[in-house]
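Chain lettering (A, B, C, D and E) follows the sequence in which the chains are written, and residue indices restart at 1 in each chain.
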Amino acid sequence: MSMQPAGVFAQSYVRDMAIFRTWKQGAALGFFVLALLLVPTILGPRYVAIANIMLITSVVVLGLQITTGLAGQVNLGQAAFMGMGAYTAAALSSGQQWPFLVTVPLAGLVAALFGAIFGLAAVRIRGFYLALTTIAAQFIFVFAILNLPASWTGAAQGLRVETASVFGFVFNTDNRMYFLILAITAIMTVGAYGIARSRHGRAFVAVRDDDLAAGFTGVNVVRAKATAFFVGAFYAGVGGALWAYYIRFVAVDQFSLFNSVYYMGMVIVGGLGSMAGAFVGVFLIRAAQEILTSVGPSVADIFPALGSSVVFASVNIILGAAIALMLILEPRGVMHRFNILKRAFRLWPYPH
Amino acid sequence: MIQLIEYALNGALLGLLYALIAMGFVVIYRASKVFNFAQGELVVVGAFLVWFFTLDLGLPLYVGFALALIGAAIFGLIIEPLLFRRLVGQSTFSMVMVTIGLLILLRGLVLVIFGPSVRPFPDLISTAPITFGDITLNRGLAYGGIFTILLAIGVSLYFSRTRPGLRMTVVAEDHQIAQSMGISVRRSIAYAWGMGMVLSTLGAVFYLNGKSVTFLVAEIGFAALPVALLAGLESVGGLIPAGIIVGVAQGLAAGYIDPVVGGSFSAVFPYLVMVIILFLRPSGLFGWRIVERV
Amino acid sequence: GGGDEDSGGDAGAGGTTYNQAWLVDFSGPYADVYNELQAAREATNEWWNETVGSEIGVQLAGEPYDHRYDAAQVASLWPGILSELEPIMAMGVGGPDVAALQQRLPQDQVPLLMNTAGYGYAWSADQWVFNPRATYAHEATGFVDWFKEDRGLDRPVRVAMISSEAAPAYVDIVDGMEAFAEDFPDMAEVVAVEFADVQPAALNSQVSRIVDAEADVIIIQTNTTQAVVTKQALESLGVEIPIMLSSHNSLQATGAAAGGIEELEGDYESYGFVVPAAQEGTAYDFYQMLVEDYGLEAEWTVPTVQGIAHQLYANRTVEHAVEMVGAENLTGQAMYDALLDVELTAEDLFEFLPPLDWTEEAPFPTSGLTTSIGTIEDGEYARAELDHEIPELEKW
Amino acid sequence: MVAGPGARPGGALTEGASGSAPSTESSGGPGGSPLLELSNVEVTYSGVILVLKGINIIVPERGCVALLGPNGAGKSTTLKAVSGVLKTEEGLVSAGQVRFAGERIDTLAAERTVRRGILHVMEGRKVLEHMTVEQNLVAGGHLQRSRDAKESLELTYEYFPRLADLRGRTSGYLSGGEQQMLVIGRALMARPKLMMIDEPSLGLAPLMVEEIFSILHRLRQEDLALVIVEQNTAAALALADYGYVLDNGRIVLDGTAESLRSNEDIREFYLGLGATGERKSFRDIKHYRRRKRWLG
Amino acid sequence: MQPATASQPTVADRVPSPALSAEGLSLSFGGVKALQDVAMELRKSELLAVIGPNGAGKTSLLNCLTGFYRPQQGRVVLDGDKVISGLPTHKIARLGVSRTFQGTHLFTGMTVLDNIMIGRYSHMRTNLAQAFLYVPWTRREEVQHREFVEDIIDFLEITTVRKRVVGELGYGLRKRVDLARALAMEPSVLLMDEPMAGMNLEEKEDLARFILDVREARGIPIVIVEHDMAVVMDIADRIVVLDFGRKISEGTPAEVSGDPVVIKAYLGEAH
């Protein structure tokens, strides 16, 4: 997979291991970051809002990329884990008035612990059975929130959330939230790459590819699976906290099983195991949704005969078909196709 | 005591309905190794076909019903060329994920074609209850229960005793091996979905008899899930005990636990039962054990 | 779309155009309701633009946005709506709108006018959310109050509830009723609460518990399916207990799904606007006019009424706002002020809604609340009571 | 000195060598009317990795061809290109043709090639792991009429008495060698016209290796054409009429079994025989061999 | 190198504690007796071969030694005093017992390099938080272990494929990566299950050399299960023969190959 650009010979292992191996790659990243920073200035508020949701979703999906993409543990409880984080942040910020910088990691941690329980189930339960067991997380989450003391969780009422503020600076507009979310997403992304290329990331992949052999090489398989869930749910929790601060209200129905299914879809469309793929998947599916919902009204205007209800219902058809189509055309995800293209380009014109 | 029996019986019947819906899953999984997330949607499509051919077109009930079953089978068969043909040979994981796309797509299709209204569903079975002394049972569910048991036996025999069943079993083991043995994975997948659709339509009939249908009926898919897992994803016969266990557990939880906790513990309970049993038997009651060998 | 690019709107044929954002559920759990509701909004708006709007120099353009009844979807749609449409008000249709927007509206300065009833959890002061009805729990308690009178009971009404934990709003309804029973022990006693699936296969056990609890009435404000399945269970148990429905699972809708309205003989519905039972009266005439002159394609049903009421209220408020600030200066803030200030009579609203008076203390009027009750009598849809006064509830 | 079977020249096993016209030129291919013919076959994986670079192979009716070559040469890929299994691994016959009994088959799906009579025993002991040994075998005969299938089953048990002992065992738990017998047995159940076996002796005990090869010899008597990929070169060349040596995706040497057996390079690198015909001890090899790169 | 001369194992020979020993191992699956009262010992820097017909229990024996199977009876002792039977596989691996597999059990989605780096897993110390931040220390640790792994890559001559994904490699190369991964664990005992299977002669010669070198250069005692008798007879110091789960013979290559029981059960009359 990782064929290097011609003429690049690593002089040291450090360089060989670096994510960006040429100055061009580094520069590309620089431009990308710059572009991200300029989003609010160049694009309108509508796009900032979309970007906010996309970035939050990306954090959640990055986590899923670790649990499912790297460690191979299909997880349909990610929305529930996200909900745990959101509720933690909400409860601590409004009830206890704890500051953003404390609640966010705590939200991650609470979600992570909840997630690790399902990882431990992996001691015995595997494959699809495990995947579907994680659906239980969803039901348990809803039941717990609704039936725990209302003073903690707001029960059916949901919880209000204070505006995020860091050292007195209040993030009370979409634009401000954008930078906050971007910063945290950046940290989480760097972290995801760090974990992925560390011994832990390798152990995750080992467990995914062959958990028996992983055991023989000294990897504690149960622990690795639990850790994968822990880390993945941590990301969900942090994403949930961001969500809470952005929407400023949490309720159980914001974190539905359907969302978990969508997150899985994003991971797959982007490409299993690829951190960049997490972003690609989120971007493609979210963009499709956004385009369809915003084009919908205009279509309804142009063809009033169709009736807007038909137009909107068709959105599902198009979205479903698009997801199916992307998978049919590239079952291993967009990033896989991208890598192949890259490789073909490097070899061109000598298919070797 | 009577109450206990009634809860248990009603629960068991509901569990058997779940088993019938889950049979759709299992048959598809058992014949193609594709875990179908869109199972609930298949039930909806089946239900609307029945509604369309009976009440909407106004055909005689059983004629309409027969046409609906044929329609369902055809619908199931065309899913393979549309969605899976190009994916044969790819990891089954991608096929499973395609069913997520299918789920969303079918939801839209049903909305556009049949509309969002709640439609009446025909009484294919009398809605008069069955009563034994103090116990009353829903007739549709009771007949459904019996039917499910018979059907499960038949379908199990199909898989274990017939050639096509054997071929499907091989496909469920491994697509590549199946192909290298001359078994058409594509055909197996197509038949599996055809059968799955017919089963889902039958499920819809017992589920909705005399009630109403909307696209939201799809929720039953996830409610039936614990039954499929408990049985073991490859086991058709196991659906019967699994359905009864889940149903009775849920019925009793609704009767005795929910009033105490004041919430719907009965919605979570089947999942808890499932997780506990999976801990003891990681491949469900009768599913294929994962072969661990080096 | 018909949106204007410059804030403040631009002067078109009939005057300055302003935008309204219509939230709709076309593919979520209440999709069955929104076809007619949305058609009614559109026709009403068209009527208003032609007759009233053009006189006062304002045209209103609405854009529908499908939120699938999903708070996450609303949350991600909203900022786009804000910037693309620059609406002077948003017209919401359910719990998710409130959940996702309630916190941010004061900052966005766009009022959200709902057409659904309110929720206990949204009951707080200084809201930019306005429900023209009380909460669902209020509407149910109003019914219970009426029911007690109607039956001449000298004991509290024994109330059973079938609901679900699938959405906070469903649970809230139960909480509200329980709070009511606690505050008015002589009025109501909640004898059974059954949380069930939203698409249940059977409710026999649940209903038999309700029967054992000797309930006088079963309140089902969740959805049509639960109502239909409850009816079936009651039938199969051979018992007759009246059920009370809400606006989104009305007698008509449940009747249609159950195979005929006569199936619901003796059952009720309760909500805070006119019951479309009689094909006569001011409201009906207005509806007829929309059908004939504005091509409204919708039956005379609860969702249609709901849509017309919603749009009428919104547009009448615009009229008031124009009086306050002038046709050129409509903004979200102006609409907010107008909503708090306006006093609409039943005539202004063609008797679709009773007169309402908002204060800043809650997102719905807290005093002088009423509910209307529909029923099936001798196989006919009928109005049992119009504008029955709702007892005053404490926040729960 | 103890000699393993790997070093044993084919002597005892040569009775199967057919009389098809030997061709000494390396481009000729075996004689006889061709049953299977690969002409200029190129294979690419994932659309970019070119693995076979123009392969020409001919298998005559009832003939037996051996493919030899180092690891990664493309032997398994060649078989996959014929059977169509390649398509399920993101591989593609990107140029050239594969013909079977005169018809092009490179575009056929794997299951269709089986129906034409080609059976590919893949490497990696692919048993149907949750099924019993007997179920595996029965599944192998799924294309036959049930009476024939029953007969084949008897015959297979006769060939592999060990499998008869194991018939009720879950095949996933069998030992490596037992699984290897099972996949070959399962292939026999299908009664193909052409059988392609990837490393039949892999993981088999010496006695079993002899067994397998004598079974293959017997099969050759029964109208079966064979392609084998085999590292046990001596046994392979004893069984086959013709051999091809692949390296790096190209055929670098081919010829009749006899001519290959006497080829110097083959003797040295595949049979391990020195100029004197005496085999060197593995313990005495002091330097890693410089791998011979065939640059044909 | 051990003298290849014949010598019956005597009490005196056992005095230096064996690197790995098993006593009275019995293992059955339902009615299948995979091992029956099998004892064996692996002496320091010895190359011990285990042979026997298919299904004799060779792999099962390795599985007991590595903790994958739990024998119903008997125990496994490492370095003369550490009882390891009963421990989970990863603990035994961390104590220095590493193995290769019959067939391969590689991580097919990873590169060759990463597969081998997994062998270093339990020698590395970076924790999750350090990995998340990728602190300089983590980077240094990676480099240090990468160097170790590169040595093995050179040693086994797989430099050209180090960045290839293992799933794309042919069988023979995979076997080599499997060995590399086991070596990367710096084992104190190496167990190999049919390492020569699927290799051609030339490759077998290379691998035989590798194995002997591992033993000589690193002094690692090795157990090798193999069906290629030419190799076994040439390189093994001692041989244990199993049949139907029982040990039927044990001794030097010369002794074993002359043992009529072994000839009958395994080698065949031709020998």
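Basically, contacts are C-beta pairs under 8 Å (C-beta built on N, C-alpha and C of every residue); 3 or more make two chains touch, one makes a residue touch a chain.
The UniProt protein names, listed by chain, are A = Amino acid/amide ABC transporter membrane protein 2, HAAT family; B = Amino acid/amide ABC transporter membrane protein 1, HAAT family; D = Amino acid/amide ABC transporter ATP-binding protein 2, HAAT family; E = Amino acid/amide ABC transporter ATP-binding protein 1, HAAT family.
Keep in mind the model is a prediction, meaning the values are calculated, not measured.
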Grouped by touching, with chain E left out, the other chains give one piece
Give the fewest steps needed to get from chain A to chain E, where each step moves from one chain to a chain it touches. 1
Pair exhibiting more inter-chain C-beta contacts, A-C or B-E: A-C
Chain A and chain B have mean C-alpha positions lying a whole-number Å distance apart equal to 31
How far is the middle of chain D from the middle of chain E, if each middle is the mean of its Cα atoms, in Å? 29
Between chain B and chain D, the Cα-mean centres are separated in Å by 45
Distance from the mean Cα position of chain D to that of chain C, given in whole angstrom: 75
Touching at least two other chains at once: which residues of chain A meet that condition? 143, 146, 212-213, 216, 309, 313, 315-316
Residues of chain D touching 2+ other chains? 49, 173
Among all residues of chain E, those touching at least two other chains are 59, 68, 101-102, 105
Pairs of chains in contact (touch as defined earlier), listed by label: A-B, A-C, A-D, A-E, B-C, B-D, B-E, D-E
Residue ranges of chain E touching chain B (in the complex, touch as defined): 59, 63, 68, 101-102, 105
Chain B-facing residues of chain D, complex: 83-85, 87-89, 109-111, 114-115, 119-120, 122, 126, 128-131, 135, 138-140, 142-143, 170, 172-173, 186, 190
In their shared complex, chain D is touched by residues of chain A numbered 340, 343-344, 347, 351-352
Could you please specify the touching residues of chain A with respect to chain E in the complex? 1-4, 12-14, 16-17, 190-191, 193-195, 197-203, 205-206, 208-210, 212-221, 227, 231, 273
Going by the contact rule at the top, pick out the chain D residues touching chain E in the complex. 2-7, 12, 45, 49, 68-73, 76, 123-125, 162, 169, 173-178, 180-181, 199, 202-210, 231, 233, 269-272, 279, 281-283, 285-289, 291-292
